[in-house]
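Consider the two complexes below, in which chain A is the common component and chain B and chain C are the respective partners.
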Partner chain A sequence: MKTVRIDAKGMHYTPLNQKIRAAVADGAEEIILDNVLGQRFIGDGLRGNVRIVINGVPGGDLGMFMSGPTCIINGNAEHAPGNTMDSGMLVIHGSAGDAAAHSMRGGKVFIKCNIGYRGGIHMKQYDVEARPVLVVGGTAHSFLGEYMAGGLVLVLGIGKDKAMTDRGIGSGIHGGEIIIRGEVDDYLLGIGAKKFKFTESDLERIAPIIKSFCEHFGYDPAKFLDTSYTKIGPASSRPFASKYVWE
Partner chain B sequence: MCGIIGFIDRTKSRMDGSSIKAALSLMNERGSGDGAGYAAYGIYPEYADYYALHVFFDNLGEPKRKVDELLEQWGEIVHQEEIPTTPQPGIKKVHIPWRYFFKPSEDLMAGRMDSENDVVTYVVMEVNANVKGATIFSSGKNMGVFKASGWPEDVANFYRIESYKGYIWLAHNRYPTNSPGWWGGAHPFNLLNWSVVHNGEITSYGTNQRYVEGYGYKCTLFTDTEVVAYLFDLLGRQHELSHEMIVKALAPPFWDDIDRMPAKEAELNKAVRLTYGSALMNGPFAIVVGTENGIVGFTDRIKLRPLVVGENGNRLYISSEEAAIRVLDPEVKNIYTPRAGEPIVGRFIE
Partner chain C sequence: MTLGSVPPKFKVSIDRDECMDCGRCIENCSYGVYRREGDRILVESRKCTACLRCVAMCPRDAITLTEKPIDYRSHPLWTREVREDIINQARSGKIILSGMGNARDLPVIYDRLLLDACQVTNPSIDPLREPMELRTYIGKKPSKLKFKKTESGDVELETKLAPNLKLDTPIMIGHMSFGAISLNSHLSMARAVKETGTFMGTGEGGLHKALYPYQDRMIVQVASGRFGVNIDYLERGAAIEIKIGQGAKPGIGGHLPGEKVNEEVSRTRMIPLGSDAISPAPHHDIYSIEDLVQLIRSLKEATEWKKPVFVKIAAVHNVAPIAAGIARSSADAVVIDGFRGGTGAAPKVFRDHVGIPIEVAIASVDQKLREQGVRNEISIIASGGIRSSADLAKSIALGADAVYIGTAALVAMGCRVCGNCYRNLCPWGIATQEPHLMDRLDPERGAFQVANLIKGWTLELSELMGAAGINSIESLRGNRDRLRGYMLDEGMLKILDVLQAGA
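And now, the complex of A and B:
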C-alpha cells in the first residue's frame, strides 16, 4: 500500500488540503496526517478510495462534500464533521462538536463518545443506496436530528444511565429515523417527532451497522443486538403544515 | 461568527500574553480583521489600589483636557502615560491609547457618591456620552483591556501583549455583522472589573438597554455586547447576585423545564425570571466574563454558538474551539462542551 505522511504542525488548511489532493492524484492509498490542530475543511470535496489517518484535533467541517474516502480521527473533532458528505466514512475516536453530520446525504459517521447540539440536523436521503448514517457511542445534546429529512441516527449511550437526557429530539423531523438505546422520556421529543415500536425487523436492518461500529471501536456487538431501542420518526410528512398554510 | 477565549489560573499564578495571542490567532477564520482585543487581570500590581482607566483619545488636546478636569473633580491621578505601542503595518493608529491610574478622593465624594465604584462608573458614562474624542474602554483595578481594529496577532503586537502577565486572560477575534468595526466596538467590553467577550448577537438588546439605562448606565459604543457588561455590573455588584445566579437571570431555563423542577427550585427559578425578565438575553451567544473573583462562561438557551471547556489542575480554559485550548495547554484534561445556559465558573482559591 502506498502511504504518504504529512506533518501538519503549524500548517494552514489550504496548503494542507493541497498536499492531500496532490498525494491522492499521485496514487496514495493511505495518507497519515500528524500534529493536526484546528485545521478546517480537511478532505473537503475529496473523491476516491483513499484512507486518511488524522492524528490530532481537526477543525470544523471535516470531510464536507467528501465522496468516497475513509478518515480515521485519533482525537476529537470540532463542529460539523461530515457536513453534506456524499459517501465514504468518518471514524472519530473521541467526541465531536455541534451539528455533527450536518445535512449529510450519504456515507457513515461513527463517533465513539459524545456529540454536541443539533447532531444530524437536515440529514437527507435520495434512495436506498444514498442513505446517510450517524452513530454516536455516548450521548448527544439537544435537537438531535432537527429538521431531519432522511437517513439514520443511532445513539448507543455507552457508559450512560440513559442514552439521551437532552430535549428536542427530532424537532421538525419529516423523514428518516432516530434510534436510541433504551427508553426515551416523552418530554424529550421535539415538535413533529413521534415514537414507534422498535421491532425485530428493525434490528435485522441495523444489525450490520451496529456490528461495524463495534468493530471499529473494539466493543462486543452481542450486548447491543436486541430490541431494547426506541425508534423516533416523523409524526407526519409535513410537521409544520398548519404553521404555513392558511385556508 | 467570532472567536473567544477565557483563561484563569485559580492560584493567581500569572502567565504572559504570548500563548493567548497564538491561541486567538489559530481562530483567525472566525474573524475578519476588523477587531481584536485582550483583557488581562493582575497586570498592574504596583498600582493595585488605583483604577486603571484606559482611554482612546482622538487627540491629546481638548478631549484629554476635559477628561483630566473631570478626574480632578473627583480624585487623584497618581500616574498617567500613553499606553506603549509598536506600529504594525496592519493597524492604522486612529486613536491614541492612554492610561490613567486614578483614585477617587473621600473628601470630594462626601455627600455626592456612595462608593469609589459609583464615582468611576459615573466618570465612564459621562466621558463616553459627553466628551467628544474620548472613550474610556477599561476601568478596573489591576487589570486592563487592549483592543483595536485589526487581526489578533497585529493587535497583540501593537500593544506588546507578551509583556503583560495576568492570572485571568480574555481574548476576542471579531467578525462584525450588524454594527461598525471600530476600536471602541472591538471586544472585550469593560466596566470596573467586569470584562466581556462575546460571539453572537444580543437580539434582545433594545429591551436590555432600556432596562440598564433605567439604572443610569448609558450605552454609547454602537454595539450589543456593551450592555452585557452593564448587566453584570448591575446584577453582580449592585444586586450582589452570585455568578451562577446572574447566568440564571440572563439565560434562564424554559418555563416547561421549570415546571418539572422540585417545588423549591421551581420557586427560585420562577422568582428570578419574574424579577429579571428585562435582563433576559435572547439571540445566539457564547460569552465569557472576567470578574474580580474569576471567570464565568455561558451560552444562549438553545446553544446557537460553540463553547468548549478544558481543565488542567488550577487552570480553567473556555473557548470557541478545542484547538485554541490545546494551543494554550497541550496537556489539557477533561475537555467537554457545556449545556446551553449552563454557567462555567472558575474562581480563585483563597
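And now, the complex of A and C:
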C-alpha cells in the first residue's frame, strides 16, 4: 500500500488540502495526517478510495461533499462532520459537534462517543445505494434527525442510563428512520415523528451496521444484537400537506 | 355550506359570430374551462385563471375575458380580496398560498425615479458610432494593483486576481429551479444566456444532464435543502450561489410538493420519486455570520478556489449591515432580492407583506459598503421585480453591478403572470412537469425569445447611457447624480441619496 505522511502542524487548511489532493492524484492509497489541530474542511469535495488517518482534532466540515474516501479520526471532530457528504466513511474515535452528518446523502459516519445538537438533520436518500448512515455510540442533543428525508440514524447510548434525554427528535421527519437503543419517552419526540415497533426483521437489517460499528471501536456486537430499540419514523411523508390552502 | 361560493374571478365568453368551432380553446386550456357538448363549445368561467392561452391560440379573436365580472359593495378597507381571504380561511383554517410576486397595489419606486440626458453643454453619445462598454465583471476587485518589470522590459501583473464572471451585458437570469419550472424552460434560458454572453441560475433543483453543455453559463445554487448538491454539481457551475433568503418569502423555507417530483426531477434533485422536497427555513449549518463564512469557504475549498461564490439574501429591514457582513465573509457577490420577487408558491402574507423594496435596498447596501471601504470586495446583484431596461439602468445608477431577471424571462417564453405556477398545469409549458404541456415550449423558439429580450434591453441600455453622455457601465454604476426623484418624499430621497426633480 502506498502511504503518504503529512505533518499538519501549524498548516492552514488550504495548503493541507492541496497536499492531500496531490497525494491522491499521485496514487496514494493511505494518507496519514499528524498534528492536526482545528484545520477545517479536511477531505472537502475529495473523490477516490483513499484512506485518510487523521491524528489530532480536525476542524469543522470534515469530509464535506466528500465522495468515496474513508477517514479515520483519532480524536474528536468539530462542527458538521460529513456535511452534505455523498459517499465514503468517517470513523471518529471521540465526539463531534453540532450538525453532524447534516444533509448527508450517502456513506457512513460512525462516532464513538457523543454528538451535539441537530445530528443527522435533513439527511436524505436517493436510490438504495445512496442511503446515508449515522451511528452514535453515546448520546445526542436536541433536534436529532430533524427534517430527515431519508437514511438511518442509530444511537446506541453506550455508558448512559438512557440513550436519549434531549427533546425534538425527528421534528418534521418525512423519510428515513431513527433507531435508538432502549425506550424513548414520548415527550422527546418532535412534531411529525412517530414511534414504531422495532422488529426482528429491523434487527436483521441493521445488524451488519452494528457489527461494523463495534468492529471499528472494539465493542462486543453481541451486546447490541437484540430488539431492545425504539424505531422513530415519519407520521406522514407529507408533514406540511395540511398546513396550506391555495388562494 | 353557510358561506356559499365566492363569485368567479373571471368571465370568459365566446363571440359565436366569430367562432369557427375549431376547438383550439378546448385543446389548449389545461384548466378545463372549455368542453364540447354536441355541436357547441361550452364555457365554465369559474375554472379560468386568465393565463390567456386560449385567447392567444384562437384564430378568430373570438374569446373575451373580463376580470371580476361581479362587483361587491365597494369599500376602501374591506376590499373584495380581504373578504375572500377571510372566507377561504373561515372554511379551511389554513395558511393561504399564492403564486408569483407581490400583488398589492403599492407605489413602485422605479416609476418615481427619472433618468438624465445631455443637452447642449455636454454632447450625448451615439451608440451606433461610439463603442458602449457594457462588459461587467462580477466578483472581488483588488483594492490596488501591483506590477513588476520582467527582464525583457515587459510589465507583469503581480496582484493575484480573484475569479470573476465576465458578462457581456449586466442582465442575468435569476434562480428558478428545475421542478418549479420545466426542463424546456431551463433549456430555453440556457441557450439564450449562452448566446448573449451572460449567465443564469439553476435554483435549488440540481443541474439536469441536458444542461451540461451550458454548464459554463450556469450559476449553481446551494440552498438549505441541498438538493442536487454534490461535488460534481459544484464543479460544473461557473459560479456557486448560497441562497439564504428569497424576496417573495423572506425568512421561510421552500417546499416542492410531491406531485411535481417525477422521475427526472427526482434524479436531478437526488430525492425519492414523489416525495416532498422540503427546504428548511435556515441552513442548519449556518446559525451565525461565522457559520456563513464557513459554508462559503467550504464551497471554495471544495472547488479549489476557482469559482466565485455569491450569497443571496432577501431585502429586509437590516439589509445593509447584513450585506456588509457578507462582504467580509469571502463571498464574491451579494444578491439582494426585493419584496416584489417572484416565486412558484409562497404564503400570501409573506409574499405581500414581508421585506422591503429593491430600490432602497440597493441604495442602502451600496452606501454602507462604500462607507466601510469594502465596496470593491463584493459585487451587488439586484433582483425582484426588474421589468424593463429602465429598471435595469436605474438599478445600476443606484449602485448595483448587474440584475437578475425572473418573471420577465418567463413572460418572454409565454407566461402571462396568471400566478397559478403551483398547480403543475401551466398551459405555456413553463411551470409544469407534465410532458404534453412542457412540449408546448420549443426550447429553440424559447431561447430565441429570451435572447431577444436580453438583446432589446441591452440596446436600450446603450441608448440610455449614450443619451446621458456615458460610454461605460462603470460610469453609470452608483452614479445617483443621473437620477432624480419625482413625487418621492424627503425621507425616501435621503435613503436613495437622490435629488428631487428640478433640483
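Heads up, the rule we're going with is that the second predicted complex is superposed on the first by the 243 of 247 C-alpha atoms of A that agree within 3 Å, B and C clash if a C-alpha of one lies under 4 Å from a C-alpha of the other, contacts with A are read in each partner's own complex, and residues count from 1 in each chain.
Note that a contact is a pair of C-beta atoms (placed from the backbone, for glycine too) under 8 Å apart; a residue touches a chain by one contact, two chains touch by 3 or more.
Computed from a predicted structure; not experimentally measured.
Within the superposed three-chain model, A:216 lies out of touch with both chain B and chain C [touch as defined at top]. Judged by the touch definition given at the top, the superposed model places A:166 against chain B, while chain C stays out of reach.
Shared-chain residue A:243: touches chain C; no touch with chain B.
Of the two partner chains placed by superposition, only chain B is touched by A:116; chain C is not. Contacts of A:105 after superposition: chain C is touched, whereas chain B is not reached. Considering which of chain B and chain C touches more of chain A, the answer is C. Of the two partner chains placed by the overlay, only chain B lies in contact with A:37; chain C stays clear of it. With both structures placed on the common chain, the touch criterion links A:174 to chain C but leaves chain B unconnected.
When the two complexes are overlaid on their common chain A, residue A:195 makes contact with neither chain B nor chain C. When the shared chain is aligned, chain C comes close enough to touch A:147, but chain B does not. Overlap of the chain B and chain C interfaces on chain A: residues 40, 60, 79, 118.
Only residues 37-38, 40, 57, 59-60, 76, 78-79, 95, 97-98, 114, 116-118, 141-143, 166, 187 of chain A touch chain B when the two sit together in their complex. Contact residues of chain B toward chain A in the complex are 26-27, 29, 256, 260, 302-303, 306, 308, 321-324, 326-327, 335-337, 339-340. Contact residues on chain A toward chain C in their complex (touch as defined above): 13-14, 17-18, 21, 40-41, 44-45, 47, 60-61, 64-67, 79-80, 83-84, 86, 99, 102-103, 105, 118, 121-122, 124-126, 130, 146-147, 149-150, 172, 174-175, 237-247. The touching residues of chain C, counted against chain A in their complex, run 85, 88-89, 91-92, 94-99, 224-226, 229-232, 234-235, 255, 257-258, 266, 270-272, 275-276, 278, 280, 284-285, 291, 294, 297-298, 301-305, 347-348, 419, 422-423.
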